[in-house]
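Two complexes come next, and they have one chain in common, subunit A, joined by subunit B in the first and subunit C in the second.
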Partner chain A sequence: MKPVIVLSNNDGCAIARSEEAKEAGIDMGMPFFLIEEIIRQHKVAVFSSNYTLYGDMSSRVMETLGKFCPSIEHYSIDEAFLDFSEMKYEDLYQLGLRIRKTVTQHTGIPVTIGIAPTKTLAKMANRYAKKTKKASGMHYLKDQQLIDEVLEYTKVGDIWGIGKQYEKLLLRNGFKTAFDLTKANDEWIRKNMSVVGQRMINELRGTPCIKWEDEPPPKKGICTSRSFGKLVTSKQHLQEAISNYASTVSLKLRKQHCCAKQMHVFIQTNPFKTDEKQYFRSVDMQLPVATNSANELIQHALRGLDIIFLPGFKYLKAGVIVNDIIPEDQLQIGMFDTVDRDRNKIVMTTLDSVNKSFGRDLLRFAIQGYEKKWKLKASYLSQRYTTNVNELLSIKI
Partner chain B sequence: MIGIGIFNIKSKVLPIINTPIPAGFPSPAADYIEETIDLNHLLIKNPSATFFVRVEGESMIEAFIPPKALLLVDKSINASSGHIVVAVLNGEFTVKRLLITQAGTFLTPANPKYKPIRITEEMNFQVWGVVSKVIIDSLDI
Partner chain C sequence: MFNPFSTLSVPLLDAFVKSGKKYFVRQTFTRGKSLLDEGVKGYFIFTHYSEIGHAQHHLGAIEHDPNRFLYEWDNQEHQQKLIIAAGTPPGYKIYSSVFEKDWQKWLTVHLKDKVKKYIDYRLGWKPGGGETVDFQIYSNYGDLYAKLKLRSQEVRVKLELIENG
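Let's turn to the complex of A and B:
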């Protein structure tokens, strides 16, 4: 099969690689310009990130998984936990094989499955399956012997939840594998790795300790920030970008039926161009009343930009982050509030329904602009095969 | 119950009335109103496994698949002989009728101008999904 890679936002570096691409010598995070030669030589297929497509395929996979088990936690775009503890009489090995076959047939997405008594062990079994059980694509830690085998196989740095710092600490203290760690002294663990570490050890020993999250916890902050396709010097272009980010943030808020009370706006130059003048500045703003209206959020964001913008720099990146998020129906209106919130709400509902039927950002505020000179580079974009009727797969028959 | 007319943002909002006006005699049909027909529901049995593709070419014209037809492909259906399938043959997508006989496996067109393709072992062949519905714009034909 042809090697395939996916580039990061802005086509900066390789963020996903097929097995064949790894073999061709492309490492994770390698900048695009460094791998152009390999790409030519090995005829690597290159794609820009297409999150519309990935998001749709992910929800198809999740939906298919949901048919096997009522209790499912969507852990990330490409990972899920399924709780089989109620299915006492099911042959879990056979069930695992069936799930894998069904997901592959229905969606075309290959998955790897790890089955174990705890989340941490399941992640470990999954990793083990990916590395050593390519044919079946799954591993079931049915008894302690099988658990021990995987614990011994797994280096401490590869355990779910162990970062670089803890890895160093553990290696220094003679813990090489996950198996070593299960024999650790509880007191030592609590002292050096806090209660989080203790929880992890218990999980390795087979006692579930990590909470089951059926629903994702409410978001603490929503951020839209991007690097520009090319460096931006004019304030007008920054205003365009910032108002687009504010509009995206407001859409995300409305989708969650939430409002935000605090906003953070930042702009920055390219820190890797050390020969150029550097500038990074951000501003935090308390909003008078929590809101999710695009017009208000854009106004606030532009006010923020006015405060932090300095001419004479080449800007690489800007962003809008909102915090202090509350449900829409718990809104407290200020006594001196002059904004017509009912009218705003009607405008936003209208905007969303028009854009939902006719395409994102079709109806927008004039400040958001049309040219998007600052827009991300995405020169190798695949089609949105599954969500856009104009980009469907076309077959010559 | 007010539906908001979407092009009347600024001045007055024109309601699209979807309940009978309270004055006068209540509609005798009100109790019998059902939901509108949902094409998604009607055409798609298994949404997470259903994909849309568009076709060009005339090789399947006698199986009611003219050029520009929109196909719904349901990957959850197990392909068997007689199904119209989307197949990948040596790296190329195609749409043909799958025939599995004692004489071998064939991808057969539905147009006498085209020849059936016999699947041999050297070929890289895979059924991608089964065509479950065909949508045709009758003004196109």
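Let's turn to the complex of A and C:
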């Protein structure tokens, strides 16, 4: 098989690699310019990150999973928990195999499945399947003997929720595997790893302690920041970029029916270009009234840029972050507020529905521009086979 | 130029290795030059890392430096060279990327003046009564940076820019 790697934003570093690429000597996070020689030598297939494609494929996989079980938690773009506790008479092993086969059939994406009494054990079973059961791609911890086998196989550092510091602490105290940890003294765990550690131990012992989240919790802060494809010196291009980021942030806020009360705007030069002048500057702004309207957020972001921009630097990155997020229906109107919020709401609803039907950013504010000279570099982008009609996959018959 | 960096010493090197910092990036360090120096052939700074990826990033960021080098503690030959470097070899001044404990005391009136001018003229900040601008320094890829904070604003620049301003 040909080695394959995926690059980070702006084609900076290798962020995913196949086994073959690993064998060729490509480490995770290695800068692209350092591995160009290996890529040439081993004829590595290189791809830029294609988030549109990943997002769409992920929702297809999740949709297929949802057909097998109504209770599903989307944990991340490539992980989900399914609650089988109500399926008492189902052969879960066969169900797992069926799910795997169907997902592959519907999407072409191979998935690994771990079935266990708790989320932590399910993650562990999944990892075990990935490492040792490549053919079936699944592992079901049906009884205590199978659970113990996986617990003994899993090193403490590989347990879900154990970071580097906890790993060091546990190894120092003689806990090598997850099985050792199940025998730990509860008092010691609570004292050294707090109640979160106790919860994890209970999960390892087979008692579910991590709550089920059918809906992802609303975000407490939303950030949109990007590195530019090429260094930017003009204020106009920065204004364009910042306006686009503020617009994206506002869309994310509206999607979760929230408004933000605080905004953080930053710009920075390239810290890797050590021989060039460096400048990083940020500003926090309290918004007079919490909002999710793109026009208002763009105005505030541009005001922030006016404060922090200095000419004479080559800027690499800019970003807009909003904090202090509150639900839309708990908005407190300012006494001296002059903005027509009802009108803004109608404008935003119209803008969102037009863009939803005819394509993202089709309707936009003039300041957002069309040229996007600063746009992210993605020289090895694969096609958006499933989301763009012009890039559909064609096959010869 | 203002130089708050500690000289690389054997106890310091030991401490780095014990805390898992096994990768060291060497680079030219002009900030180490002093008018009083005689017979010094080279000025270097060593930056320590626990992850090789971070060290490689650093190395990539200083590709214009002909003296750049990555030492790995687990390589016997490199280890010997690191020990020699930490033993203050004659003709060389070698620094580590950690600051002296009392670096604030070394800030000269001249530098304080430059910082003040940068705040006044370049940033246009006007602190109100009772307000102070928070001034910190930090090291990035062997270079010295200043971090200035006033109310909701934060600025980070190479200290060199302030010194030459």
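The working rule: the second predicted complex is superposed on the first by the 396 of 397 C-alpha atoms of A that agree within 3 Å, B and C clash if a C-alpha of one lies under 4 Å from a C-alpha of the other, contacts with A are read in each partner's own complex, and residues count from 1 in each chain.
In this text, a contact is a pair of C-beta atoms (placed from the backbone, for glycine too) under 8 Å apart; a residue touches a chain by one contact, two chains touch by 3 or more.
Remember, predicted model here, so these are calculated numbers, not experimental data.
**Q** Give one of first, second, both or neither to describe whether A:A135 is in contact with subunit B, with subunit C, with both, or with none.
**A** neither
**Q** Looking at A:A366, would you say it contacts subunit B, subunit C, both, or neither? Reply first, second, both or neither.
**A** A:A366 sits against neither subunit B nor subunit C.
**Q** Check whether A:M335 is in contact with subunit B, with subunit C, with both or with neither, and answer first, second, both or neither.
**A** Touch status of A:M335: no partner.
**Q** Is A:I346 contacted by the first partner subunit B, the second partner subunit C, both or neither?
**A** Touch status of A:I346: first partner only.
**Q** Determine, under the contact definition given at the top, whether A:V283 touches first (subunit B), second (subunit C), both, or neither.
**A** Second partner only.
**Q** Please indicate which partner A:I395 is in contact with in the superposed arrangement: first for subunit B, second for subunit C, both, or neither.
**A** first
**Q** Would you tell me which residues of subunit A are touching subunit B in their complex?
**A** Within the complex, subunit A contacts subunit B at residues 59-61, 63-64, 105-108, 346-347, 349-350, 353-354, 385-386, 389, 392-397.
**Q** Per the contact definition, I'd like the list of subunit A residues that touch subunit C in the complex.
**A** Touch residues, subunit A against subunit C: 27-31, 33-34, 268, 271-275, 277-286, 307-308, 310.
**Q** If we count contacts the way the header does, which residues on subunit C are in touch with subunit A in the complex?
**A** Those in contact with subunit A are residues 52-53, 56-57, 60-62, 64, 122, 140-143, 145, 152-158, 161.
**Q** Which part of subunit B faces subunit A closely enough to touch in the complex?
**A** 4, 6, 9, 13, 46-49, 51-60, 65, 70, 75-76, 86, 93-96, 109, 128
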